[in-house]
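Before anything else, here is the set of structures, which you'll find just below.
Look at the two complexes coming up: subunit A is in both, with subunit B in one and subunit C in the other.
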Partner chain A sequence: MPTKNCAWLRPIFFACLSLVVALPAAAQQQPPIRIGQTLSLTGPFAQTGLAHQIASEIFVERLNKSGGLLGRQVEYVVLDDQSKPDISRTLYEKLVTADKVDLILGPYGTAAILAAMTVAQRYHKVFVENTLGQPGLATYEWHFSATIGGADSTSTLPGKVLDAFNSTPHPPQNVLIVSSKFPSAQDMAHGMQRAADARNLKVLGFLEYEAGTRDYGTIAARIKDANPDFMFVACLGVEGSQILEALNKIGYKPTRHFYLYPSGLMAADPLADHATSYSGFEDVAPYTSTKEGGEFAAEYNARALKAGLPYPHVDSQAGNEYSGWQILVAGVKATNSLDDGKIAAWLDKNSVETIEGKRDFSGRSHTSASDTQQLKQAQNGKWVAIWPPEARTPGASLIAP
Partner chain B sequence: MSVKASPGMGAALLAVVALAAVPATNIPPYYLAFLYLIFFWIAMATSWNILSGYAGYWSFGHAAFFGTGVYTSATLATKFGVPFLLTLPVAACVAALLGSAIGFVVFRLQRLRGELFALITISMTFVVATIISNTPIDGGSGVYLISVPLPEAFGSQNGTIYLLGLFMATLTIGTAWWVFRSKMGLGLFAIHDDEDVAEVKGVPTFRYKIAAFALSSGIAGAAGGVYSIYVSYVTVGETFEVTVIMYPVVMSIFGGSRHWLGPAFGAVIVTTALYGFAAGPQASLVRGGVALGLIVVVLLLPDGVMPSLQRWWRILLPGLAPRQVLPELLVPTPRATGAVLAQIAPPLLQCRDVTKTFGGVRALKGITLDVRPGEILGLVGPNGSGKSTLINVITGHFQLNAGSVTFDGTSIEGMPAHRVARLGIARSYQIPRPFNRLTVLGNVALAASFGGGVGEAEAERLASYWLTYTGLAKKAFDYPVQLNLHERKFLELARGLAARPRILLLDEVLSGLNNTEIDEALGLMRDIRDRGTTIIFVEHLMRAVVALSDRVAVLNNGALIAVGTPEETMRNPEVVSVYLGKAHAS
Partner chain C sequence: MPSLSLLEQSLITGVLTGGLYGLLALGLSMSWGLLRLVNLGHFAIALLGAYITWWLGTAYGVAPWLAGAIIVVAFFIYGVALHWVFMRFAVTEMASMLITFALAVIVESTLQFIWTADFRRYETPWGSESWIVGSLYVPKLNLMAFLVACLLAGGTWAWLRYTYVGRALRACAEDAPIAIAYGINHRRLSFILSGLCAAYAGVAGVFIALVATLAPSQIWSWVGVVFAVVIIGRLGNPVGALAGGILIGVCEALTMAVINPSWAALVSFSVLIALLLFKPRWV
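What follows is the complex of A and B.
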């Protein structure tokens, strides 16, 4: 009987069948790749830290849905550094030596990044960060920056800003520089002074205030007295809005003004109409025009709203974080390895396509060779891209009366 | 202070040795980093407590000294290439000098106590931060120490930082223990309770406060130096942030600021709770729990956890608790032996044209008065006549505006009160002012130690004697709040006597006592005089004045209007007029 003749095939058939079933199961049972990071989930930078966390979670979920990394799922380990560099440094020690994560990503903020970088250097971990305000201080050879300002943004960004305003019908004839005494802000303010001097733009004054100040009355009075054509404010978070509030109280409204690292919420502030800032990713075209950019923005907005963020729109902070993940994962995929040295060696010689554009690391301290920052402006309660002209949000342009 | 080996010290030494060996094990370096943070906060909280907990001068300027240390080490290591370990003693010295300089100015002004001192110290934090931020020391960009070489212990820099942290914590706890057990510690506790009385009892308050401030700030400076290499990137914003100011305060209150180990206990608990939980929803819960725990401790254990544990230990395990036994009595040796014939000896105390004004009010108008050795001089007068002011001037509590005061040939005007006390002038207060958080024995021993100039053991034995003498022996281990008025008055007397005074000034020691208690007190005073101590006593009770005094001096409106035997004085028309009105005088 034919059935009898095929009986010997039965065990082979079941053996093959079980192999087919078992192999993916075995792959699924492999432990996940653990990637660790600290973020400022409490403390003064908590709001920004939460934005970074949301971006990271979205990236990891998308990555796992698309099959994970090296055939394994990715587990995101995030610890709260309480916005304190010493805790960040301690927790990176924990991530590397106690939790034994496979890879790490940098925390949020210059001070925390530099503190954490010492740990990465000690244990020879590749270190991709996305918010280092002073890239020149990053001397670790396996450091890679996902920031978009390049190695010398203190020179290039002020130049871009002045280029943008000089392109308008009424270029400013003078500038007033206002700066927080925060390291990265101060560096940028001095960069603006150099750029103004180089272009023979009259600097009406260089006003400084202590980081964390709440009373901007004196600063506002001096701004009003100076009545500058252009006001460059090297500030962080809500400081810019507080300065505008103080100016409004004494009946002054700046016409052309720039804010370095403002809270995303600033766009919704009527006093901040026509305020400008740097940009890498916003909740408008052209950033959301790509498939990944659009999906990321939509998912981010939904989660930010659910999390109660005051500005539930994707912005450069979230975009930077997402780009950082893209860079690290690109290194892993390209080398097919979790070996930090191999990943670093690959990143050293290659570039990575991110939602904020292409990143190479040929600049000093493994930053991008060029500054790809763009400029945005608050218009009708929302940020829109206005510079360079080829990257403007459709229908938008720089308004500089 | 004598230091004897004890099982506790042996256990502490073993613990330190065991902790020092931790880096040699295979423990993940994270735990070394975490332990370092605990050591760091132990050093910060315990050093803060040496001044603020012991002496009660709440400083919110610890961040200034910490930051001074941070930037001293960072600057020397990065800009001048000084080997990092050598920067640490320099950081300690610079911070200690800064603390001493601030103290030298602030501690001279009596009005700068309490909240004003706290305000000044918090201002210092901002001043130091502003200077560092606006000079090349930082300049606003921060200082990065990643390239600073550090010797490796047990094969890693982590090991070195851990050992430096352990060394700092051990050194700080050791220093706090030493101060706690020393004469200086006793003086600081007295300053905490009542600084003016402490000075009058012989405590060199200014010197002790400066020393405590220097120790406190110097340790914070050294801890800051180590911290700079730990965090590797220092900025003004992070270095002088509010947590550096507040955490030592919180930890000390939690653990118990009156105990040498209290702040360390608080540091371990608070640091573990704050830094040990960094992931998940429990992190915020634990931090909330710490805040709640602090509220509970403040409400239920106002002295903090450590002193409460000690108290419970004594209650629950009385057999194991140290026994409270009154030290063996030591019969005092008077500085002047036997009563001297008052009429023929030169004056012991001479006041010449003593004038004291308060603003436009002349409280003393050129008082000239001699006090003879071995006599009892009654000082009387209506309220506001200047009696207490004269006592305050003689004891150095008030500086006079004109005139002179000479004690046994030595001019004492302008002399600090503690030096006056050490010459042999002691006083009691009209309203008893004991050191409320020292035991009755401690109160008297302090006076014996500082005013009498004897060692710790001898001071306690003398205190035993005087407590027995005044009938307070059974209350030796009670606290002053547990005494009634009579006992508190006698405590004042015992404190005065324990200083082995040559002259004892008693300010209305009989007021508020009943007749039996007054008779008892009069008997004691006669006996004290018979032992060789001259007495000036201020009193309103004329029965006692007449019965006890060899001579009586009468003040009115800041002027001396009569002096002589009680009988002579009581017949003086001006005295009669002052006490009974002009009609009776005529």
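What follows is the complex of A and C.
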């Protein structure tokens, strides 16, 4: 009986077999998706920049462990902008043109963000940032903000602060505003003045100082002389602690006080007990109550301690950075694409769930429509959530003697 | 209208801050006035002294006064070595400004490399203590810095005025060739003075560590105001440097108290311009 000669099938069989074997391996060997960013790893904002870097690294590691993005691993490319906006701009040029990253994330700080945004605009890159203090200045249509203050926090945050203190048994009758001349701080200080005027709260004074002031002795003397019921300090970094130290030297302790952008370390300063500030994510419940929030906080704290950060606890800066990553990755996953235009178009019409709450981009300049900032207070060496009442850390309340 | 107690407290703050300005200005004034070298590196060296004080204190528990003694000796040697380089290459007044500016940039980068750009604070148990006089508070450390500034300024003035070395130095600054013709060893004396100027920067650094927050970039935050102090106090005049410092410090503090703290930055150069325009006898 003649047999059928199927020899011609053999090459096809082996070709199919090799495809089946090789395809997954090829997928594994696909180059990683490269996402680039600059951060202030040296210079005056280095401490905050390091917090952002740790948050980014944790996010990328978690993402890669869970299978990566679009079936590919993610490589995080971070460059040091030395806390200088002009260097940030140059490095974003490098990221896009020389390093050829697939996507970018915004740097830390208003000035650096605005500088980097011009590069993103030139190369049509979707631009998600998380610390822009003046959202109104962001005119690029593919800019998306992960900040929690909404489009006009200079109006909404002072209102929240006054609401919180007015809810206490002894609401303040007057306020003294102290402000750095740093633009976003100054804007917020003027917002507080408007809020105080609208509530008939007497403004005892509006003291402005230059960023980099060497001696706060006389500013402290003016604060003591005014003896305000409530002191609103629109400061950055260690300035708040320096003011408190100068006040301590002349024997004055403010009773109700708010600091705009203090270093996390402030909570550990005994002089800062009962100081308040804005909050988006801290190392306490309710922020750490979710699975992702709790795991992120625990991992962040361990790494911050190892890195020698003076305040080794997760805070709003780290939370903002993590949220920024969540937004960008949500856009990629939803569009199944690395196309900046598609991602921007999707983000424009959708909202993203982050560890700091839901973000939509329906506000001015693609900020969230509402201000979801909360308030925290330094109590026993640690920040605790105190406002709004429904989001308080269990057992905590606003202490305002 | 500011209260009397506010004005009094501001006056105290201004005088004490002025003492620190004077302390920083002392070495620069001497170097510029008597050696004809504009040492922009003076600010960098002072901050280096501050960092060393902080580092020795926090890492090894070395007391500030002991750290100060080590720094003064080390910086004196550095000052002598720097002057040897200047003399070896016959550096002019203008060239000295450029060279020492580069030196300051190198020191800033080195500080940042070793201790990063993070803010550093030397916490001491007595750091925030004050003496209370009536309703006024006098911070102890700031007062100590002021007293040391007075001591150094007065001592240096007396040394220049009443000792052979001092008179010889002034003679060299006035007319070096004639002074040399009279047998003055200008070279050896200038080494001593350069060493002293660097040592003064070290002393200022110790107090900067104790009363201020440290960051490498703060080298530049002192330059404008201390230059104004040096010129107001007259070059090579130690008591003038202290007086200029107090004048600027008080003007700044009163401006902060009466107008607004943000106006203080304008004060030093406004006072300088006013004094140069109206030229009182001492300028």
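Heads up, the rule we're going with is that the second predicted complex is superposed on the first by the 380 of 401 C-alpha atoms of A that agree within 3 Å, B and C clash if a C-alpha of one lies under 4 Å from a C-alpha of the other, contacts with A are read in each partner's own complex, and residues count from 1 in each chain.
By our rule, a residue touches a chain if its C-beta (ideal position, glycine included) is under 8 Å from a C-beta of that chain, and two chains touch if they have at least 3 such contacts.
What you see is a predicted model; the values in this text were computed from it and never measured.
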Touching partner for A:117 - first (subunit B), second (subunit C), both, neither: first
Touched partner set for A:75, first subunit B, second subunit C, both or neither: neither
Subunit B versus subunit C as contact partner of A:237, first or second or both or neither: second
Contacts of A:360 with subunit B and subunit C, given as first, second, both or neither: neither
Which of subunit B and subunit C A:90 touches, first, second, both or neither: first
Partner chain in contact with A:212 - subunit B first, subunit C second, else both or neither: both
Contacts of A:42 with subunit B and subunit C, given as first, second, both or neither: both
Touching partner for A:181 - first (subunit B), second (subunit C), both, neither: both
Common ground on subunit A, meaning residues reached by subunit C in one complex and by subunit B in the other: 42, 181, 210, 212
Of subunit A, residues touching subunit C in the complex: 42-44, 46-47, 83, 181, 206-210, 212-215, 217-219, 221-222, 224-225, 237-238, 242, 245, 248-251, 263, 310
Of subunit A, residues touching subunit B in the complex: 38, 42, 77-82, 84-87, 89-91, 93-94, 96-98, 110-111, 114-115, 117-118, 121-122, 134, 137, 139-140, 181-183, 186-187, 210-212
Complex interface listing, subunit B residues touching subunit A: 28-34, 37, 130, 133, 140-142, 144, 146-147, 156-158, 227, 230-233, 235-238, 243, 274-275, 278-279, 283-284, 287
Contact set on subunit C toward subunit A in their complex: 2-3, 5-6, 9-10, 13-14, 16-17, 112, 116-119, 121, 128, 130, 132, 137, 139, 142, 212-213, 215, 217-218, 221-222, 252-253, 256-257, 260-262, 264-265
